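All remarks here apply to the structure that follows.
Chain naming follows the written order as A, B, C and D, and within any one chain the residues start at number 1.
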Amino acid sequence: MNYDLVIMGGGVAGLTLAQTLQDKLEVLVVEESSPGGMASKLGCKATDECLSCGVCRFINIERELCFKKFDIWEGRKITSVDKSDRGFHLKTEKGEKVTSQLLAVATGASPLEIKNLSRWGGGLPRVYSGWDIERGLNEGIISSFRDCSSLAFIQCAGSRNFKEKRGYCSQVCCRYALRIAENLKFSFPQMNIDFYYMDLQILGKKKEKLWKIADKINLIRHLPYEVKEEGGKLSLVFEEQGVERKSYDALVLSVGMVPSSGTKEIGKWLGLNFDSTGFIKSYGLGHTSCEGVFVCGTACGPKDIETTQEEAQKVGEEIWRVRRG
Amino acid sequence: MIIAERKPIKEILSFLGPGEKILVLGCGTCVTVCMSGGEKEARELSSLLRLKGWETKDLTVERQCEPEFNLRAREEIAKVDAIVSLACGVGVQALAECFPEKKIFPGLNTTFMGMPKEQGLWEERCWGCGNCIVHLFGYVCPVTRCAKSLLNGPCGGSKNGKCEVKPDRDCAWQLIYDRLKKENRLEVLYALQPPRDWSTSRYGGQRKMIREDVRL
Amino acid sequence: MNKLLWLENEAFSFPDFWIEEMERDNGWKIEVKNWGNKPDNFTEYDRIFILGDSFSFTQEKISSLSEEWEVNPLKVRVFPAEEVKIIFPKSFLSILEKFIIQSLSQPLFPVEARRVVPENRVLVLPQLSPALEQTLKKRGIDTIVPPSSFSLQREGINFRLYPSGDNVGAIIISPLEEKKFPISFSSSVQDTRKLVDIEFMEKEIEKRDFRKETIGFIIPKKGVTEKEWRKAFHLSQTLVERDKAEVFILVEEVLVAGENLEKEYRKARSSGVIFEKVDFSKLGTRPTLDMRGIEVEFATERDKLKREVKVDWLVLLPERNILPFKLAPFFCGDKIEGEILPLENPNVLPFFSGIEGIFLCPSEKEDELSLVIKKYLTEGVVREIGRGEVDEEKCVLCLTCLRTCPWEAIEIEGERKKARINGERCHLCGLCASFCPAHAIEIKGLSLENWVSAVSLGGKNESSSFRL
Amino acid sequence: MRVVALGCDKSGYPALLRWGEEGSLPFDEVKIFSLPCLGLVTEEVIFRILENSDALLLAGCPLDSCHNQKGSQGVYLKVKRVNSLLQEADIPKKVAIAFVTSGKVGEIEKVSEELLGREK
């Protein structure tokens, strides 16, 4: 089979890219599991008003899927990619072969596994990752916090850690953590919430509102040393005026984004340049070190949904420009 | 236009005897525009009464203050025992004059003559004192908008632009001053206003207008 | 005899016996197709039923489909596929029958789904920035520079510009930004003329050498863009590395969320720039005795120690807040346009101001904006013309509709001066109809009667759903 | 308890359906209907519906992110008014509104509890 463009990964970036180009090119989207990627698992954080978390933008994309003009292969894992003068040749594990002129990598990122964060009690009961809660929001996970009177968020648990080559800021954590905090405060005003952070990285929509939320909760600028379980509670050692110890009913670790396994694999196959943090290096407008291969979305660095969409549209235009020559 | 507001439901319910057939009669002019007695509200109220177990109908006439319109509804009215009239006081009385034998109850409290300031906010502007002088006061009527109807400057109770009687209202004299200042016509305030002849207002008893030239 | 078309989805396919039964009993002619083999001509059918998840068949979707099929949108009815999951097989078929009967009983009105495409021309207020002009040109959108005095009026989906009288498809407002600084400085400090903004520093740094001088930056936490942070990191680094200057950066928060911003921050730090997180409320400044510099007094957040630095230059990054733009003076439409501010509503286009066709352009977002506008101007929107109608007999001209319509689709026109709905702007939200005190407005196919009749139908003793 | 549920097809209706699919509804009978926008709902509609049901459950977009900007707000005010009317006339029926986005079921559950009179 021949296509003009094969997009690897059917997340927000991939689908938006496909939708921008579907009228102009023959597009195929290859998705390992089912379309949607990370965003489809996130939940809306609106209380009685919208906090502009932008998750509903994905819902609009999903709506459009019923009327798509491009092809999607679901549940197909790509086993090999190689390049010849006729274009790129892909093989899936089911043995299908595809040839395409251009290639777009939108294999995205994945949240850091919480068990890697044993230092902050990753793996202990009642230690959640922000990601877990995000996923649970639709099912009303918030109500499961009814019985906990004190709760702490630990920011930058996953990223901004140079020892482990995760020096970057994941850009979304501060915002989603604050929104979740607002959600909790809205449901249980009596709950006291501590927020351990380095800096508040608040960009984009509703920042004024987010600053307001930040005033409601108790901000502590320190990355706790360690978290232990003591008598059913989670006690946490940090330093504000001298070393202190405080115990909580539950912890939320803001795990950052790390490049997904697919991103790493495909990057290797195509011999793309990675940046120091393991994401694919983008040389502006989605160009990569390999000609004819474009990258967009979180495969080339952490982004929020809105930015991802906007970027994907731009990359789409660029691809169309390149294709036209 | 005439502004009115709905009576408390409890009061309206207290008017009605059990098992009566009831007509909710809306008025299609002022009270429609001020959203208290139009077709919408009529239907709403009749529906509410149905929920309380009465048998109701709803109807809206163009203007209840004119017998001609009321009489159009005579068939409907003949069928029912009591009418809840969603019109201003004038409308209710006009209706009562048309149908002397019917039980008629007011569904609204007529509040004032005013204008809509914005969607959902109405303010009083005229008292109908029968002798208009707004041109002397920068088009802000002190008779209506000053709680004390003072004509020669504000009272001592004007605090930072607000009235002492109703602290959420603007002091009329503040408005007058500001307006005249903007037009720099402040000198007109030097003119002393003589005591007013209130006989043209309702203190002179019920008012009546006759125009011989148009009576045929 | 009614000719019906069913577009079924893979979730469910109709049993033949049922179709025969229906055709026999009700005298219908039912054709069952699926999205794969859609008929070429849809106009021959009396009703088109879609079996699909109503999640994706919103009002807008149905409009655009019927525009594509050239049918009256009132003929297209969606039976929610979720319903099938919930109540199949029990009473499903009977409900389906009720559904068909109900929708056949509803009267048809002459409604046309039409794609309205705005003029490919934009008006930029208050002035056109070069960056915006360039990206608009790149995407082939012509711009009008506003004449010295002009007025605007709605013209269908477009805006008409008077006196010139030509239409523009969209209006871009690049809002003025107010530059504010969180802390105030005494006049004596300002007299030193060492209090400069970052643009000045940028120019100076090319011209002269800051050897052995001390430079302080003060950066507030709100309203400073990513670009400015980048600039600050970069400048401070060059000052240290090139001129061996001493650089303090006093901040409340450091912003590193951005493409490689963290890297640049670290580069600046490792090059020797000193970042101090301080509390701005406790920040004091006074001129040095010789008036050649400024003494900055601050307490760091680390150890609450007070300390004092004598700086030769104090560079400020002001906060930017967008000032609302007043459109009222330019507008001679019926509705008085208020202040234009960005809407914080993810359901509408980003940059959308709340009035269709009026976009806001925050700084550094020109490219994204031009993408969005290009889409809007080329694809246009699908509208159902003739759906909303005002009964001129009933209308009492209370202007409620005018004041409540979120899309500014109401015009007070006609020789009798009655409200009229501008079909090209109407989104069928029905707010006007629901607020109208005189019951003068009807949105065809969405009237009260339909609902209440529909409510009385539907499944018994189980959750069941219907599209109205 | 017989309940009618209206949701806007932007967000309320999908949420209601998810809620319906989960089964184990706290009511004897639920009828779910979709509208283009909740802004269409008037006091009359609410009353007329209440005439042949025990309660009305509305589900629409969050107040400030309504697809039609003011739709949810408009109906929210109406709902408040209707409830006050019902209370004045002590009629044991109720209208409740849930501000949801597609698939956010938690909110609707909260509101249905409210309808049942067992506030949390």
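Basically, a residue touches a chain if its C-beta (ideal position, glycine included) is under 8 Å from a C-beta of that chain, and two chains touch if they have at least 3 such contacts.
The structure displayed is predicted, hence computed values, not measured ones.
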Interface ranked first by C-beta contact pairs: C-D
Whole-Å gap separating chain C and chain D, where each centre is the average of the chain's CA atoms: 27
Geometric centre distance via CA averages, chain B-chain A, whole Å: 61
Distance between the centres, which are taken as Cα means, of chain D and chain B, whole angstrom: 35
Euclidean distance of C-alpha centroids - chain B vs chain C, Å: 42
For chain C, residues contacting two or more additional chains: 55, 58, 344-347, 404
Sites on chain A at which at least two other chains make contact: 50, 52, 56
Residues of chain B touching at least two other chains: 40
Every chain pair in contact, whichever chains are involved: A-C, A-D, B-C, B-D, C-D
In the complex with chain D, residue positions of chain A that touch it: 43-44, 46-50, 52, 55-56, 59, 137-140, 142-143
List of chain B residues in touch with chain D within their complex: 8-10, 13, 40, 43-44, 47-48, 50-52
For the chain D and chain A complex, residues of the former touching the latter: 11, 61-65, 99-107, 109
Touching residues on chain B, where the partner in the complex is chain C: 28-29, 32-33, 35, 38-41, 116, 118-119
Residues of chain D defined as touching chain B within the complex: 42-44, 47-48, 50-51, 85-86, 88-89, 91, 93
